[in-house]
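The following pair of complexes shares a single chain, subunit A, combined with subunit B in the former and subunit C in the latter.
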Partner chain A sequence: MKHAGIVKKSDFITWLASREAVITSERLIRRHKELVSSVSAMEVRNVKETVFPGFGTLFSYRWEDRRWIIEDIPVTAKKCTVLVHPCEATALNEVLDRVFMNGEHPERDYEKLRSSLELVTIACEEPESTCFCRMVGGDPFRRVPDTLFVVPLEDRLYVECEEPNVWELWKKCVKVPSEVEKEIAEKEKKSREALPDPPLSEEVPEQLYRLFEDEEWDNIAWKCLNCGACTYLCPTCYCFDIHADGRLKGYQLRSWDACMFPRFTLHASGHNPRPGYRERVRQRVLHKFSYFPMREEGRFGCVGCGACVEVCPVNWDIREAVQRMVKKSGAGYARSS
Partner chain B sequence: MAPVMREAHNIYLPTLYPIEEVIPETGDIKTYRLNASQGSFSYQPGQFAEVFVPGTGEAPFSITSSPTQEGVLEFSIKRTGCVTDAIHRANAGDVFGVRGPYGRGFPVEDLRGRPLLFVGGGIGLAPLRSLINYVLSSQKRKEFKDVIILYGARTPQDLVFQWELSKWEERSDLELFTTVDRGDEEWKGRVGLVPNVMKENISVDPTQWKAIVCGPPIMIKFTIKALQEMGFQPADIITTLEMRMKCGLGKCGRCNIGPYYVCKEGPVFTFEELSRMPEEY
Partner chain C sequence: MYEDKIRKIAWDLLEKGNVDFIIGWEKGSLPFLTAPLICRDVAETERLVWNPFCANNLARYLKYYKGGKEKIALCVKGCDARAVSVLLREEQIERERLVLIGLPCHGLINPKKLLENFPDITPGEVEWEEGILRIRGKEENIVHLLEGSCTRCRYPDPPIHDFLVGEKLGEGYAESSEVEDMLEYYDKMSTEEREEFFAREMERCIRCYACRNACPLCYCQECFAESTRPSWVSPAPLAFDNLLFQLGRTMHMAGRCVECGACGRSCPVEIPIDILPEKVAESIRKEFGFESGLDTGETAPLLTYREDDQEDFIK
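Let's turn to the complex of A and B:
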């Protein structure tokens, strides 16, 4: 059930300041400085860092009294309020949670970090030229489940959630006047119109899969430097590496890794199943737009935030790559709603 | 669907097991027998585990022992890189960390009641050996029909499990063919490539038999071709894939082929399944 309310901006800021810790993403700060400037918010470049740190320890080991000792290091989680846009919240809720929490081997530390987060989704009113959330099933005003949905207005905020009881802020909320409802609907429409790419049809994953051997991949891949910058800023990329650091005493470490690097799949024998640019770029595109949705009930492994497009030093654009292949396959787009 | 067990433990934490015995197999392959009587490691033939060498790192290896050997965990490991170098320096009494088992093993249920043709090349016999000894165990033997094992290596020095091949040779309930690509002065056995030796010596009813193949990629490719020429259907040819893996849990991403993770949906696949996947292994 949807509950909507209006809250004064000052009350929202007071509520935010009362939270144990506030985290927000770089792109949100850029747009909503006034909301977070009076709160000591921690800024993350990529929201996945909150649950899947770029670098962390899995356990420790040491040689002591002539024997090896292995010790678990459970993560310590602090209650955090995270301010994000709908694309970023979707990345956590629908992509990373599926990988690290909902499967047959849930990661204890991920679960712990994830359950200590409360997500506040700030509507995206001015999509940038790099944004394409609607193409992958998202929306700039998407009410992401289990989050507090917020639209900043002049001196107040429109808020919406499913369970008012879990949000202390709700006590300060009042009924939404009808003119505000109208304003929200208009903002929503305007924002949606700024994203012209219609949603990809649900046949796209299967149809791209059939184009695995297509020579178009060479044309798509040639410009890419394989630098991997996109994968580090991507809120859904979850590949990682494991490394033991220390001879007689040390830690088993985990760090982000990426399909863009040749050593990612290199066998000890020297054989490499993805030896070239073509294979690696194809892996990045197909994993997000074909393999992941084929495994996960149609959920694309991309939320359309555009961080990869924004950061790419050679302007390689994943939208172009997908559109080019979709055009070849004839899968097309779903009828726009 | 069965309810998912929530694991409250650290899925990356290995359990330490002492090495009971190190068996040298070839110039660069050794078999490690771990004492796994403490703990509750239970697995299916064809599954693999992550072996952790404290101070060096972790790598995935197929389990070569059979689940019918109680309290024992065996890995046959070829020296090829950093972790395997450290493994080869280990002796009886040292410890390895193990986490697993992972992946989908051999489809034992589908094999039950069927005659089985095992075709192994080089160290590829290691994963097959888990199933072979499972089938040959006194508890399970009656559940399966005829067994033929064809095993080949480059040279006589590259044949692994020679100490066990002689035991299999003596059994009356199986037929063993051994071959090498190149013989030497002492070698009195067969010389010839596995697929050729198979076509020349083995004649079975392809509608009844199941073939289980493991070896170097090139050997697998030609053996599957030969099996198809003999009339085997793709669904009756079973093989196991090798991929670089780190987590073993379908998360770290490197063993991904199409919508599958080799560490979860594999490493065992039928040729029918493989032919529907992109050839990226």
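Let's turn to the complex of A and C:
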């Protein structure tokens, strides 16, 4: 059930200031400084840092009296309110949660960090030239489940949620006047129209899979530098490496890793199943657009935030790669709604 | 127009079978960006562009073809050609396999600076024709919009080339430019300030290796930073290890770096990391009178060993 309300901007800011900690993403600050400037908000470049940091310690170890002593180091988590855009909220809710909290064995640290977050989704009125959330099932006005959905208006905010009881802010909300409802619908339409790429069809994952051996990958991959800029700044890339820091005494660390690095799949034998840029770039595309959705009920492993497009030093654009392969596969786009 | 000339050269080379492919730049998917392009077919040469946004150092792609037989035509700015010259000296590629399309370079425009100086500018409002920049119809001085490495440039003309498209420029901006860039700013810092500066910047580094991978001269099969036995640098992006990586990279660049700035431009978190190798290049120029990539046949100072070396630490 959807509940909608209107709240004064000042009340929203007061509510934010009353939260234990506030985190926002860089792109949100770029667009909505006014919402967070008076709160001491921590800024993250990439929303996944809140639940899956660049590096962390798993346990400590030392060799003492001829035996190993191992001490667990669980993460410490504190309650945080996270203000992000729909794509970023989707990355947490529908991609990373599926990876780290699905099934019987949730990842302990992730679960702890994740359950201490409350997400506020701020609608996007001005999609950027790198945005393509609609192509992968998203929307600039997407009501991401379990989050507080907010559309900033002149001096008020339009708010929507499923469970008003969990949001203290709700007490300050009043009924939505019909002209505001109309205004929201218009904004929504306008913003959606600013995103030219229509949603990919449901067949895309299967069809791309069939193109695994296609020669086109070579052309697509050629210019990529095989660095880690895109994957490290992608909110849905979740690969990591585990390594020991210290020989007889030290810490077991976990840090991000990337399928774009040659060593990522290097076997101890010296064999590398993904020896060249072709195989590595194909992995990045297919993981997000084929393997992940095939396994996860059609959910693409990419949320279309465009962070990778923005940071790539050679302008390797994942949209172009996917569109080229989709065209080849004949899968095409869903009928636009 | 220069672009047409480049396309014509590329077309002829492919058509006559003189090369297997052309490496150049094409229009990017975002405003004020280009992307590296490989043309294997004459029809693709239409996509080649040449403008102040051709930021990638294309010599970087030559490492793919080491030991191969392909004949390669490469578009080169001054610094790209210097990088090729270093690769030749280091026997990474054979001169006979290369056709260099030399492009005297007026400098690269930093897209961020462009947007700061001209808010809401669109690509259609920026015209570039044979060294003259027009923004919204008005002629503009490019100097204030340049990338840092370009304000320091001393060799805008490719020192080696087979074709030359455009007039030689002779001097770069190094002598004339009044614009203070990152390196000058760095020079003014005290030792403590520098330490603080790098501590702060290295805290932000995510160790994506974009800087290393964009560099035309980093071609090691196994980078010391990724070696596991022994492990010199932790794979975790800890500030200290990030610095260790950068210092290692800088030392490996000593006497080799061609000051193209590609490393700094690639950094996704905008660390001006090019100042490290470029500072060392400057020291080598001042101390040894040596400049990398000028095709002089001289060996690089840090790559030589002489029994009669006047410094005794070497013995």
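Here, the second predicted complex is superposed on the first by the 335 of 337 C-alpha atoms of A that agree within 3 Å, B and C clash if a C-alpha of one lies under 4 Å from a C-alpha of the other, contacts with A are read in each partner's own complex, and residues count from 1 in each chain.
One rule holds in what follows: a residue touches a chain if its C-beta (ideal position, glycine included) is under 8 Å from a C-beta of that chain, and two chains touch if they have at least 3 such contacts.
Only a predicted model underlies this, so the values are computations on that prediction, with no experimental measurement involved.
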Touching partner for A:W316 - first (subunit B), second (subunit C), both, neither: second
Partner chain(s) touched by A:H243 [first = subunit B, second = subunit C, both, neither]: both
First (subunit B), second (subunit C), both or neither touched by A:H287: first
Touched partner set for A:S255, first subunit B, second subunit C, both or neither: second
Which superposed partner A:Y61 touches (first subunit B, second subunit C, both, neither): first
Which superposed partner A:G228 touches (first subunit B, second subunit C, both, neither): second
Subunit A residues touched by each partner, larger count belonging to subunit B or subunit C: B
First (subunit B), second (subunit C), both or neither touched by A:T265: first
Partner chain in contact with A:E107 - subunit B first, subunit C second, else both or neither: first
Set of subunit A residues, in rising order, touched by both subunit B and subunit C: 241, 243, 257
In the complex with subunit B, residue positions of subunit A that touch it: 58-59, 61, 63, 67-68, 70, 72, 74, 99-100, 103-109, 209, 212-213, 238-244, 246-248, 250, 252, 254, 257, 259, 264-269, 271, 273-274, 279, 283, 287, 290-291, 294-295
Of subunit C, residues touching subunit A in the complex: 28-31, 33-38, 56, 60-61, 206-210, 212-214, 226, 231, 234-238, 265-266, 268-269
Touch list for subunit B against partner subunit A, complex: 4, 6-14, 16, 52-59, 80-81, 84, 95, 97, 217, 242-244, 246-247, 249-254, 256-259, 278, 280-281
Touching residues on subunit A, where the partner in the complex is subunit C: 45, 54-55, 129-130, 219, 222-223, 225-229, 232-233, 241, 243, 245, 253, 255-258, 261, 263, 309-311, 313-317, 319-320
